[in-house]
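Look for chain A in each of the two complexes below; its partner is chain B in the first and chain C in the second.
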Partner chain A sequence: MELIPPVILYILVDFSVYLIVTLSLNLEVGYAGLPQFGRVLAVLTGALVAGAIPGRLLALMYGLPYGPEYAFYEYNYKVVDTLNTILEKNPLLSITIFIFTLVLAMVLGAVIGYLTSKPAIRLREAYLGITLLAMGDVLMLITYYYTPIIGGTTGVSVVDPFRWTGGARFYVATFTLLGIALLTFLLIERLTKSPYGRVLRAMRDSELVITVYGRDIVKLRTYTLMVGAAIASLGGALYTFYTGSCIASTYTRVTWTFWPWAFMMLGGTGNNLGVMFGVLVFVIVKTLIVMYRGLLAPYVPFDPVWLEYTFVGMAIVLIAIFRPQGLIPEKPIFTIPRKKIEELIKA
Partner chain B sequence: MIPPIAVAKAVAYADSLALMAAGITLIYMCTKTFNFAHASFVTWGFYIAFTLTSLYGGSPYYYLPVAFIFVGLLGVAVYVLVIGPLMRRGASPITLMMSTLGVDLVLLSFIQMFTDYLTRVFKLYARKIVLEVYDFDVFGLPGVTFISLVVVVFIISALHIFLVRTKFGTAMRATIENPNLASILGINPDVVYLTSWFLGGGLAGLAGAIASITITGDPTVGSRIVVSMFASSIVGGLYSIYGSVLGGLLIGLTEYLGIMVLAIQLGGWVAVYRPVIPLIALATTLLVYPKGLGGINWSRITVRFKSLVGGS
Partner chain C sequence: MNSNDYILVTKELTKSFGGLVAVNRVSISVRKNSITMLMGPNGAGKTTFVNVCTGVYRPDSGKVFFDGRDITGLPPHEIYKLGFVRTFQIPIPFQSLTVLENVLAAMNSVGENPLIAVVKRRWVRVEEDMIEKAFKIMDTVGLSRFWDLPAYKLGAAQLKMLEVARALAVGAKLIALDEPIGGVDPAYANRILTYVRDLKERFDVTFLLIEHRIDIALPYVDYVYVMDRGSVVVEGTPNEVVKNPKVIEIYIGE
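Let's look at the complex of A and B:
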């Protein structure tokens, strides 16, 4: 029985994961003004945690191989199969391991954010962008060739914490992702409207002013990179749990750095609601391209799969030239007039 | 320990990297744009050499000027359509960088389409390119080593003469120093920027065409070595073309020969981690001496050295 057409589920999953990742990017780029060209680094960290840790923990609990051999393809699918049959009968364990992994992914994401902040303190704009981009590339490369963590070029299967829901697995998983994504949205919306968010924007507009007011720019940058990386890492872990497999080559700079940039620029840099809108529009258009490119295939002398790249690239360029503020521009935040504050204090 | 042929290949690779880094640096100096589309520029140079050699025969070396001009014009198109309008609006360096990322995606998709087109219409196997077979031998070493060295020396001399001896070169340096002042003196910065994109793109195309004779290529060859390109220009200091050429030679040789030495010492498995070497070079430069090779005051060092030698 199909309650919801699969294409809608597909759009919802892409929307949820990219919403989380793009919101974290927007926090760093749109609010703090940091050139985060290495978003994939934190996303990959989350994916690594989800791909390598929950399965090993369960394997350790149930006396299965959990060392480097866990990641070897001859063992991996058998081990994960066994673990999935255990998880199928044990909803409580499934939920515990799911939540534990997400928390761990966020913690390790924050650690990665802290590490990347070390050069960020000293470098300016483009230099920082290049360094972050190179770091993301190198982590991808290492995890793609180093087998003991997530199986290198063969990848690993990931334990499925939604298995116990049986036939409703994809519905439950999709709506869990969507729920977490919307929660993240609310959290970031609160965070950016708090004094912290205002300081970030002030720092973006003038570092000098913030220094004059006695704020420590190094601390602010470090903190923002840590929060951003933790959230992006959550996105990576969720995506890995949903797909049930983990291979480093999925996490390229095009799909997890440039695409979120395009989504953010379309929606409106520095506006969370705009980002949400941008992600939704892009994911729908991308899905439509994927669905209908087959129809184009007989008429063009190339594989229409490349049109997706043309589309995203064109979108980035056209938005940058014609509508740099995005579809929903950032709005100035009006402070309450002094009289109103005095009235409030009296009351 | 290391066979001479490997050293020769390393030199050819380093030469092409030096030309790529020179292009990145020239564009950055003039328009303050970190050009990510350099990855696709290089790949286009690569594919022009491949396509023309496969379709019209002859040596790939004949088509070096074609690659230079074609990719140079591609650079002009990028400047006129994207970078120029953004600069006139006073876009930030980050926006400029991001827009070149968009350009890179578009150009990459065009290369992929072109590759499919070559495969389907001309029945060329264009997803794994080896042009090494067209190369000639000089005393048992590949000819590309010598040709690429000659090209690098020629390009550097030509650029030097162009920038120092010609009127337009002087105008170009003036614009790099201070665009406002230069425009008051009647120099049109737009023409200078356009020229920098033509030359920068052309150097990328030339470098790609040279690289096609020494390394195996596919449509993502540029984006695979883009980290090395940026590492080279950052090690070079980003404010000196000569520095970037030195940086390219240094990174290219270290990367190629370094991984070979490590593979001999530790075993073949290290070979796949080759891109880690330019990253380490990049990070070290940025953290220890961000001015790079181009920022070193050579005359002071030679004076000191002379006084040391004279004193002893």
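Let's look at the complex of A and C:
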């Protein structure tokens, strides 16, 4: 049964996850002007939640090891296997645990966002950027070398909330991710086309003036880092459920901070539709490179494994030089439709 | 003198930059519901004075009282909440926001809380009211036509008016206008000042007007302070001040 070629599913999954993560980045960078160089931190938080918590909860329910040993590879694959056979017959439990985990990932993401906002009160621009970047790396390194959470260097298997759909598993999982990504898009659109979005862009344009006009920028930054991190964390949790495994080394600053930056810059910083377009273009090109890099091997003077990295890096440089505003630049925003505003003027 | 009659009182306010004392023990009192003018030659310290009063800079010494409350050293956003707002002499627009959005951004909306922002019906009424109010103000300062232009496309005089529009939109008790009509043609300048005067008469609002062009501004103001090299040198009613030999000396000596 092959309704849709696997490569399309693969692209849709990457598109969905990166759309969520890049939209959250765009909220913080494009709208609020925050130097978010630590996107990976919140994505990893979501991955940790999905990797460490639903399996343990189920293990607890069914009398299986759920302590630190849950994450040790000798136990982990057995426990998760057993749990998956239970989930396979229990759609309701599967859906409940899926939704519960996503909500928890968002809550803990917001908590992480709140914690990162603490230095944001004192630091600005480059200093804040470096601090955020370092925080992401620190959490990655800790969870990579500390075994009891998600198994350290061996990682963990993750319970599969889609198992009950049987042969349709990859379709169901893919379209669930896509659906959630599109909902996230609508949510972010609503957020940014509101007085909240306006005050963020105003803060980005001049912190001094927005302060003189009564806004506490510490509070605005804190809110925004929390919202952004909650959404990015959702992306991390979804990706983890999809892949069915979780290992900290997946969450590097290259793939979950710099790539989203590149997608955002290509599409149009400060424009959600642009971001969606940027993610789509990049994901397609990246996938094609991965598929065909073997063919290119004789023609490049280095291991073609590096081609996608080279491509993204080059794209960042070229966009910054030739089209810094991105393919679909930021446009004036109307909180209520233009027509309605024109009616109001006449009245 | 009853302190209740004054919206803004400073006591021996001082601010220096390195060796330069930009504001030197300035004590002024701005009467409620007046248009009080602060004039003085370039570099007299007028803008620095406003910056210190509104919390943009901390004073080295001295005190600022707003509506009877000590506000010395409070951050600008808290001073705003008490009802004190100011404009910038060199306009600082929100560059990428439209003219309308610039004015709206000066007002506060419940929809700025992200949790409320997602529920449009909770802020849309407020938004419509704000838009209507914004257009009234933009009409007065002549910006209505440009409402959907991003601020970076405006000319210098229009940016000045945008500064004024933002400050008027707030509904503050005290508005400090830092050279609002500098570089604006006299007909327009008169229109703005008439509007300011009109607002003062209709509402319980006070203006601290910083201005160079005394000829245009004087007919509109109730009281004048003259600063020179950091200090207040003369104060009085407009009539007294124009006749004061010191003032003549400062302005002719310039």
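One rule holds in what follows: the second predicted complex is superposed on the first by the 329 of 347 C-alpha atoms of A that agree within 3 Å, B and C clash if a C-alpha of one lies under 4 Å from a C-alpha of the other, contacts with A are read in each partner's own complex, and residues count from 1 in each chain.
What we mean here is this: a contact is a pair of C-beta atoms (placed from the backbone, for glycine too) under 8 Å apart; a residue touches a chain by one contact, two chains touch by 3 or more.
Computed from a predicted structure; not experimentally measured.
Asker: Examine A:134 and indicate which partner it touches, taking first as chain B and second as chain C; both and neither are also allowed.
Answerer: Only chain B is touched by A:134; chain C is not.
Asker: Should A:183 be classified as contacting the first partner (chain B), the second (chain C), both, or neither?
Answerer: neither
Asker: Let me test your reading of the model: by the given contact rule, A:214 touches which partner, first (chain B), second (chain C), both or neither?
Answerer: second
Asker: In the overlay, answer first, second, both or neither for which of chain B and chain C A:310 touches.
Answerer: first
Asker: Under the stated touch criterion, which partner chain does A:145 make contact with: chain B (first), chain C (second), both, or neither?
Answerer: In the superposition, A:145 touches chain B alone.
Asker: Touching A:8, do we find chain B (first), chain C (second), both, or neither?
Answerer: A:8 sits against neither chain B nor chain C.
Asker: Please give the residue numbers of chain A that touch chain C in the complex, ascending.
Answerer: Spelled out, the residues of chain A in touch with chain C are 187, 190-191, 194-199, 201-202, 205-206, 208-217, 223-224, 227, 270, 330, 332-333, 335-336, 338, 340-341, 344-345, 347.
Asker: Inside the complex, what are the residues of chain B that reach chain A?
Answerer: 34, 82, 85-86, 89, 91-95, 97-99, 101-110, 112-117, 120-121, 227, 230-231, 234, 272-273, 275-276, 278-279, 282-283, 286-287, 290
Asker: Show me the residue ranges of chain A that touch chain B in the complex, using the header's touch definition.
Answerer: 29, 35, 37, 119, 122-123, 125-127, 129-131, 133-135, 137-138, 141-142, 145, 254, 258, 261-262, 265, 300-303, 306-310, 312-317, 320-321, 324
Asker: Can you list the chain C residues touching chain A in their complex?
Answerer: Touch residues, chain C against chain A: 54, 56, 75-77, 80-81, 85-86, 88, 92-98, 100-102, 104-106, 108-114, 116-118, 120, 123-124, 127-128, 131-132, 135, 144, 147-148, 150, 166, 170.
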